[in-house]
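Please find the structures below.
Below are two complexes that have chain A in common, paired first with chain B and then with chain C.
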Partner chain A sequence: MGDLFVLVISCIFINNILLAQYLGNCPFLGTSKKMETAIGMAMAVIFVLVLAGGLTWILNEYMLKPMDVVYLQTLSFILVIAALVQFVEMFLKKSIPALYGSLGIYLPLITTNCAVLGVCLINIKEEYTFIESLVTSFAYAAGFGLALVLFAGVRERILLARVPKPLQDVSIGLITAGIIAMTFMSFKGMV
Partner chain B sequence: MIPALLLMLGVGGVCGIVLSLASKIFYVYEDPRIAMVEGVLAGANCGGCGYAGCSAAASAVVSGQAPASVCVVSGKTGAEAVAKVMGVEVGNAEAPLSYNMCEGGSRAADKYHYMGVSSCKAMAVVFGGKRLCGVGCIGLGDCVKACVFGAVKIGPKGYPVVDDEKCVGCGACQKACPKNIIEVKTLSERLMKFNQKNDPLAPCAQTCPAEINIPLYINQLKEGKYKEAVRTIRLRNPLPLACGRVCPHPCEDECRRGIEDEPVSINQLKRFVSDYEMNSGSRIPITCAPDTGKKIAVIGGGPSGLSCAFFLRRIGHQVDIFEAMPKLGGMLRYGIPEYRLPKKVLDWEIQGILDLGIKSFCYVKFGVDFGLGSLMAAGYNAVFLGVGAWEDFSLGIEGENLEGCFTGINFLQRISGGEKIKLGRTAAVVGGGNTAVDCARTLLRLGLDKVYMVYRRTRKEMPANEVEIIASEHEGIEFVFLAAPTRVIGDDQNKVTHLEYLKMQLGEPDKSGRRRPEPVEGTETLLAVDMVISAIGQSPDASFKKQDPQPRMKELELTKWNTIDNNPATLQSSIPYIFTAGDAATGPSLVVEAIGGGRRAARSIDLFMKGKAVEPMKDSLQKKRIHESIFTHVDGVKKTPRAKMPEISVNERLDSFVEVDLVLPEVDAQKEAERCLNCCRICYNPDTDFPMAKKAG
Partner chain C sequence: MALSLTKEFTKGLWAEIPPFRLVLGLCPTLAVTKSLENGIGMGIALTFVLVCSNLFISLLRNIIPSKVRIACFIVVVATFVTIVELLMQAYTYELFLTLGIFIPLIVVNCIPLGRAEAFAYKNGPLSSIADGLGLGIGYGLSLSALASVREILGNGTLTVWGGTPAFTMSPDFLPFKFLLTAPGAFVGLGLMLCLMNLIGKK
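Entry: the complex of A and B
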């Protein structure tokens, strides 16, 4: 249990998928202009990532490994994740329309998100168990959400600042992201 | 190699099968038309229609919640395509357009500490950024950034200017603006907007009973855009020619320049631009919203009825006016003499209103020729009752029925109607209001030798317009102040020979603040006259209430002054589908008051037509002042004389009914417009380079 806790802390803070691994930068920049969209996106990522993490672990453990075709990981994961997201979208639309209403528009954005794929591949590389995979998937997604919400807050504040013209909008966003990443480096050595 | 291929094939196959099964199992029935409708929408996902994206809009169309014209981006062609899918007629939805309310952009640097902030939203968050104005345009252009169609630009005056051609009314700019400066409204919404607590309004615009945007039209006049200025006035006042001549301009009393200098001659400028239109030989087109198919009866073709009809027509309703007199115009035609408002001018103006597609039926009297029952049977959905106040009060003294005695409105109306009345040589007009002055001046023009005005208080208390009093003094009318008529004396042929009055003295001020006249005993005086006209006030003629056989009519409540009782905010009477304004509701009042009332009633009628609750507009000012905008002194004003109103000489006047007041020449109008400080709520353009910021400290 203690191990899992350490795992969660390390996934959220030390190995933050966005700020330490630099994955999932497109939605990070795209959906962080407003706090509202950032929170919606964060929720959608948590939801999809936990499902994808579990499914890809099963795929890897019971199909790729026995058939000795682990080198097909990337290819097959993309296929499975894309199908999964589509499936989830259909399922939500039918069964939980309210949830579909609030997460629906973000789901297609995640279909081939590198953060999702990245986390699945990391899970395999680190040879986590099924439970560990689920926990790390959740924790990475939570870390993604944390970074996204923090960043959205910062970007809303940047509006107050006088930004030199060449650096406006995405440019200053990337610089800010870099600085936030550096601050996250201070978590290194915590575990 | 083979296992790899097989595996990928297998995984792919499983995914495909699962998805196809899922699409069967989790199938949600969706009208195929939704996809078809979505296909023809613009696909901008702008949310301008009020739905969350194009697919949501498409499902709203299919479920019948939204009209075919839902998409604000694809416009008419898009609406036609949607209608084709749906197999319905295109609803003539009105296109909303974006427009800006604040005129104080160039003064923004005076109003705000920018501190390097570069977005309006951010500025609005920083309270310290506000130096002066809580509502005005910050001018950093969040609206410009929000507009994906390139329709909004920050104009040369520092506030956003909208290019109507490019604007699709998506509403993005309105959402981006933290100050409610830029608003996206349809024409109908603009026409039915009332002054609200948080609007950027100059004191004059707050005061005007018709709520005309005065600084805006003066500014347009200054720029030589006379047609634009007329359009601005017509958003609030359908009778600028008449108002420009007869309005006692309460706005000028509140003019900020007037605190340090003479006020701007606002009404002269209104008259200048509206005369410009009339003399240009062509009418400026007036746009109306698409037809709604609702029918409203307007009873009374006076200023309130014309105003109500005009605005109802412009927002798309079908309106018919019923008038008891031979011609439309009400008091404007029958109460105001030719020399103040020529009939030709009035006819031109009324024709412009009727040209919008309003039908009028004259010579039909409510309660006599038709009633509530016949209106309902004819399919009218609501009734506007603007019958005016045409019943003269009588003096209640002995001898009032002698030959040579008349009552004010009745007299003016008969003269205006062209009736030949047997006149005397000398006349006494009793009363101190506008009707009395009009009677006296009319009598002079009819060739009488001497006209007295008998008023029981003094000149200071006279309720008539100051300019009218001055004009009548010039024309040689003799005033008998502090005199209360007690008796009209006649000869053996029942013809008037004298008016007897009692001298008065002023006592303590009464409730209205005017000092109450008290009679001085034993001071009876005789005035030798052969005509007596009493013009001491009017009340509405509510005889229709008794004459109309419709039992419902009994529910119509009247006040103790015989005016029609209504909810003062919505103007709805005690019968829900009857609305009322003008003199019939307020008692004798200003033309501009009736015009404002007509528009207010039009809004309530529109709400009633749409089945919505008839409620007043939220935070509506209703002539209340915005406290912070009323100054006690104004810095930076250089005294400049006000434009003098040109008028014809007294000799020319007395022989005819030719219009006395003339229109300002263009040069003078321009000069007068220059005097306008272009005020807003708290800022203005000072004459000297006095910085507004210093004032706020």
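Entry: the complex of A and C
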């Protein structure tokens, strides 16, 4: 139990998927202009990543490894993620329309969010157990959400500031992300 | 014909150079640019995937139904990424280890998928190859530029290929280690984007 707690803290803060492992930057810059979209994206990523983390672990352990085709990891994982996203979308549309209304437009974007495939591959590479994979998937996604929401808050303020022309938009966004990444660096050595 | 091919090729080198003009594929740009060698390796890997996937998608464009095209694109791209992964494992193992999960992540890098959707699905094989080659080399150049700055200032060396530095700063030079960390990557890329905006006002 204690180990899992340490794992959660390290995945959220120390090895933050966005700011320390450089994954998922496209949605990070794309959906962070407004707080509302940032929260929607964060929830959608948490939802899909936990499912994808569990599924890809099962796939790797019980299909790829026994059949000795581990080199098909990339291909099979991305297909599982794409199918899963599609399935989740249809399921939500049918049974929980309210949730679909708020997450719907972010779901298709998640297939190409490299944080999702990245975390699934990290789970396999680090040889986590099934429970650990689920926990790290959740923690990484929560870390992604945290960084995204923090960043959206800062970015809403930047809209009001007078930024020099060449620095506008993505450029100032990246520099802001750098400063937020610096604050996350201070968590190093906590565990 | 030859003229339009040159146009498709050269637009990737300046007018639409990723990741500056075409803001796609940011993750590897930030992650692998700690040394020039990694930048070049990533550039070559992406160019290979992009050219092959562009060619195949453009050849198959009349067969792929438009409703399931995204899934088909993903399968084609993922196939070539797996090929690159196996090739790198066999011939450049050290580089394969340093680039780590960023090789499989070329699948979701957005550039191959984006080009498949925006270009290869609508154009013939020859111009698709030109497009892929141009954008791939453009991406490689951008990575190399950022990587050179980060490696020279952050580590005081410049490694082109093979792991041994081709160039080392004088021992008096104090490396600016910040550039090699994650925040350094973000700030470095942000400043480079700003520089590109300054030079090439449209």
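Keep this in mind: the second predicted complex is superposed on the first by the 190 of 191 C-alpha atoms of A that agree within 3 Å, B and C clash if a C-alpha of one lies under 4 Å from a C-alpha of the other, contacts with A are read in each partner's own complex, and residues count from 1 in each chain.
What we mean here is this: a residue touches a chain if its C-beta (ideal position, glycine included) is under 8 Å from a C-beta of that chain, and two chains touch if they have at least 3 such contacts.
As the structure is a prediction and not an experimental result, all values here were calculated from the model.
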Contacts of A:I122 with chain B and chain C, given as first, second, both or neither: second
Greater residue coverage of chain A in the superposed arrangement, chain B or chain C: C
A:S95 touches, of chain B and chain C: first, second, both or neither? first
First, second, both or neither for A:L79, with chain B first and chain C second: both
Partner chain(s) touched by A:G153 [first = chain B, second = chain C, both, neither]: neither
First, second, both or neither for A:V163, with chain B first and chain C second: first
Footprint overlap on chain A, where chain B in one structure and chain C in the other make contact: 71-72, 75, 79, 82
Contact footprint of chain C on chain A as seen in their complex: 19-26, 29, 71-75, 78-79, 82, 111-114, 116-118, 121-122, 125, 165-168, 170-175, 177-179, 181-182, 185
For the chain B and chain A complex, residues of the former touching the latter: 3-4, 7-8, 10-12, 15-16, 18-19, 22-23, 25-28, 52-53, 116-119, 121-122, 125-126
Chain C to chain A touching residues, read off their complex: 23-24, 26-28, 30-31, 70-71, 74-75, 78-79, 81-82, 85-86, 101, 104-105, 107-110, 113, 181-187, 189-191, 193-195, 197-198
Contacting residues of chain A [partner chain B, same complex]: 59, 63-64, 67-69, 71-72, 75-76, 79-80, 82-83, 86-87, 90-91, 93-95, 105, 159-163
